[in-house]
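In the two complexes that follow, chain A is the common piece, with chain B as its partner first and chain C second.
Then we have the complex of A and B:
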């Protein structure tokens, strides 16, 4: 029975692990369905009135607010509005054109400023955030493992070079580095965010994998592989890599969480995905102005989705780490 | 008078897969002023027994039965009472002195700790007493060593510090759990002599736990032989060694390699020299690990290489196998400089079996993958089916069923893993097999089986062996010629009979005198 199979069995016995794995899987399925266009394809449609409240609150709030807005700035120090006539004309024309378009007064979990459904936005945001998190973590883990393996196994000038690269990357404050690269790329989009996070996030994985390779390259099983004539590349990737891959796997999972959060921060700061894309971060970015008006549903939806995904992923990582822990001789 | 008596002790470990019994109802007595040896192979439950006396078992273990110390059952005693006993009445020394000492405190401070804790001495008093104790433990230059840190001391000195610490509060019972297993044979003898001397002088009792029957006869009055959590035999040393009643005890005694048992004679080969080393040397920065070794090795013969830790014997083996690059000298394979032989040709001629069978097999590979890898690299066999057949045949040669191909290393015992490692080396049909402490990590009964296997394989394939070991008795049972190394230098080389009968170099004589008989 291979060690992977044993680890899998240990994972299945961990109840928290299985539960969190189910949640993670559900998120991945939602993201996949959304990417394939089965759900939330029409997230951009303005189906409700602006800031349509959640269905369970009823449409009253909308009326109160509308009343408040119209009765607001009418007392103009006794001066008649010189544009009143024109505005009335425009308003009449607008209701004439848009009046045929029936907009819902409430949505399942409310709407945003443009009347888009928050639930669909959150689903589409899940897709963006998970894609960014998974792709960036894969890129970072790939680079970190490759660099770490080369540096740790070969040593010498190659090790010096990668350590120098590592020092350069880690000596710049993280957010500054990310923003600098974002400014240089000067192109908003999912791919850009993945590249930014992946190209800056490999350092921690590099350091761990390098240490693992330093430890493993002098182990007897690697010497034994040398003795039967296995090449350097074979020893690095066929012999040592499977023995350190549990470290990579756990790091990969940890970095998914880290990068989901980083994407949120980037999008919140306006360096993330473009306006035509929705992510949890861009949803949160809209929240401050909404909260002033008492529209809490968008931030609630984004936060709930993110908190659930991140917590489940973290618990899942812990379970994977426990299952892979090679306490076996 | 009985100082400590264990009655029907049962210890179980609860794991995720259920409970595993480690000790299955043993009873034994440690009389006052005498030494009881508890002997057993790995997994016999001897260390677990010792730990349960002091209440030091890990959290997932449950102990039942009685451990009576002066009429008081320690298994039921509150932990406060146990703490008061530990170190004061009953103290313990462990196998690894380095990991038992705290690296950030001086040894004087650590010895003094017990004195301050149990006897309420002041710092100054404690230090003075620590100095006396180090003198009693016969450490050289105690004035200086009392302020030294553990890493500044040798393994033997560290164990002396542990002993000084253990006797600090004049315990009635000293439990020594494999106290010399991590030490060189010459140091081992000194430590054993010290324990025996302290036992007599201080009129202590000693519970001496070991896997090595050889140590027992020179130290103990009574012997208990354990196997798989049960007592197989107990009695006086004279009785157990002279007339063992139990079959397992007899097998253990027979399996011990002995200095006076040479390798059975066999047909002489033609004596063609296949390997010749000329002043092979290796330096790591400033450290000269091997200072020029020269020897010749004939076809089908065994050259034993003996030395203590740090002697450079393993490095020399790695140099011959070209797993390390030599910094001086050369090695000739059939008269051709090995440095000029292409790697693929060379690897087929020289193979190596390492000491630790738990580390030398890739845990992520199945035995089939392990066996087939060298065949694929060197193009042996024309297809997978033929390779599998060859692998199964070789496994058969080392005494494993062909179903082993589909299993993973962790599913085998240490001895079985070493058989797999030997089978892997045989795949390439090497002319020279380097055995680097290949049986040292194994229990004595398993060790005997593997030595026999290695001898049979040598006769069958006419391989030459470079047999590296710290154990003179094991080398005696394998070697035709023996080479002794010390501090990177070959101090003596001679035919086996000659070297064991009349050693010339003083170091060889010391080594031979230190071997427990």
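Then we have the complex of A and C:
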């Protein structure tokens, strides 16, 4: 029976592991549906009034306060919008309705400053965060595994070189390094965030994989592969890699959590995703001014989505690690 | 000891590569939006970036050697002066934060390790996982809103003139937030240190010769489990110095972390370069010190 089948059976016996795996899967499905445009496609629609409170509070609570603060249209700079009539006409033609756009006074779980549904924003934010977390973790795991394999297997000057690179990257604190690169690049966007996090985050994986390769390269099966004439590359990636892939998998999962948290901080500070993209971090960035007005639903939606996703991912990682390596516990 | 030099050289090269090569021409940032060619040429000459790369690298190395990174681009304050004045507020928050969180986390970790596998253990561990998964931003926002803004127990933000005023007034809530945030990961980590010791032979021996549980845990296990804790706390310090920027920013504490954020927002390269190099040096020194302390506490450990 293979390692993976055994691990799978152990994972199925772990109730916390199964439950967290189900939640992780649900989040991935939501993110995929959102990316494909099945749900939350209209997250940018201003369906409610500004700061529409959640439906279970009723329209009266807070609503008057909110209305008092933001009386009038948002982008009114004291001049009449010259395009207002044309826009209204276009909108009327598009919807086919009479053109009187009714805005809800309450939304199921509340709205933001522009009256957008916070649940849809949280779903869009889930998509952004999961894409960043998974892509950056994949990049970091790829680099860490490649560097670790080269350093651990070959030793010599390659090992010295990668160890030097490792000590250079780890002597600058992680978030400081990320911020410094963000300052230098000075451009926002999902791809930039993925590159920053992935290119700086490979160090932990590198150290573990290097140690695994050091251990494995003197084992008998590798010596046997050498004896039948397998090349270095074949021994590294066809023979040893499958035997250390469980380490890579656990690290990949751990780094997804780390990178999701880093992306939230970067986006919050304004160095992360662009202004046209929603992320949990950019939702939290709107929270301080809302909280002072007593509007808690946006921070609640972002926090709830993030806490559930990250907790599930962490518990799932623990379960996978326990299933793959029953000696730990 | 001598392995410092290649690592430091690597940090210098990395910072140089980032700021002088990837970062583009800083003259355009400095000259602002309405830049005429003469002005840009003048700035380029004064920064030395009209020189070839190896000359620029030499200028940077000289700056590091004499610890003079010039003046901030946005405020024209000397970089050395910025660090000297921002270190105090940072330490006022960080030292109590480190001490309180370490003591609390040690106590909680010893408790859950002693009752390992029980309902208390599982509940606290799950609580830690959930607590860790909430962003530090949420802790800061909610604590600041509830405890300072709504209930008025603490000042919302600010910084005073005297140490006592800061420590008891302005720094109290930032320290509280920091302790709450660092408890969850610390308890998880320290619990594993305790678990490693709790099954050792010397613990069984201590019990076999009739020592009480309190004495076994507080004297024998705690002493041995503290060794990795001490080195862990030490190696956290440089990261915290720059990493407390979120707390410092929200509570308007004029510390090093806030300075980093401001510098990143203003593309103030001299400050970021100086922080990166200084913090890297501090990290290396503290790591060496941690190794030495580790060996002093645990003579079995051999340094390579």
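Rule of thumb we're sticking to: the second predicted complex is superposed on the first by the 288 of 329 C-alpha atoms of A that agree within 3 Å, B and C clash if a C-alpha of one lies under 4 Å from a C-alpha of the other, contacts with A are read in each partner's own complex, and residues count from 1 in each chain.
The rule is short, and it goes like this: a residue touches a chain if its C-beta (ideal position, glycine included) is under 8 Å from a C-beta of that chain, and two chains touch if they have at least 3 such contacts.
Only a predicted model underlies this, so the values are computations on that prediction, with no experimental measurement involved.
Room for both chain B and chain C is found when the two structures are superposed via chain A, with no clash between them. Within the superposed three-chain model, A:180 lies in touch with chain C and out of touch with chain B [touch as defined at top]. In the superposed model, A:288 makes contact with chain C only, not with chain B.
Once the two structures are superposed, chain B and chain C can be ranked by residues of chain A touched, with C on top. Of the two partner chains, neither chain B nor chain C is touched by A:197. Of the two partner chains, chain C is the only one that A:307 touches; chain B does not reach it.
Using the contact criterion defined above for the overlaid structures, shared-chain residue A:168 touches chain C, although it does not reach chain B. In the superposed model, A:228 makes contact with chain B only, not with chain C. In the superposition on chain A, A:239 makes contact with chain B only, not with chain C. Residue contacts after overlaying the shared chain place A:268 against chain C, while chain B stays out of touching range. The gap separating chain B from chain C in the superposed three-chain model is 5 Å, by closest C-alpha atoms. Touched by chain B in one complex and by chain C in the other is not one residue of chain A.
Those residues of chain A that touch chain B in the shared complex are 1-3, 10, 13, 219-221, 223-230, 234, 239, 242-243, 326, 328-329.
If you check the complex, the residues on chain C that touch chain A are 3, 6-7, 10-11, 13-15, 18-19, 22-23, 126, 129-130, 132-138, 141-142, 145, 149, 238-239, 242-243, 245-246, 260-261, 263-265, 267, 269, 272, 275-276, 279-280, 283-284, 287.
Those residues of chain A lying in contact with chain C across their complex are 164-165, 167-177, 179-186, 257, 261, 264-265, 268-271, 280-281, 284, 287-288, 291-292, 299, 303, 306-307, 309-311, 313-315, 318.
Only residues 16, 318, 321, 323, 343-344, 347-348, 351-352, 354-356, 358-366, 373-374, 377-378, 407-408, 410-411, 421, 424-425, 427-428 of chain B touch chain A when the two sit together in their complex.
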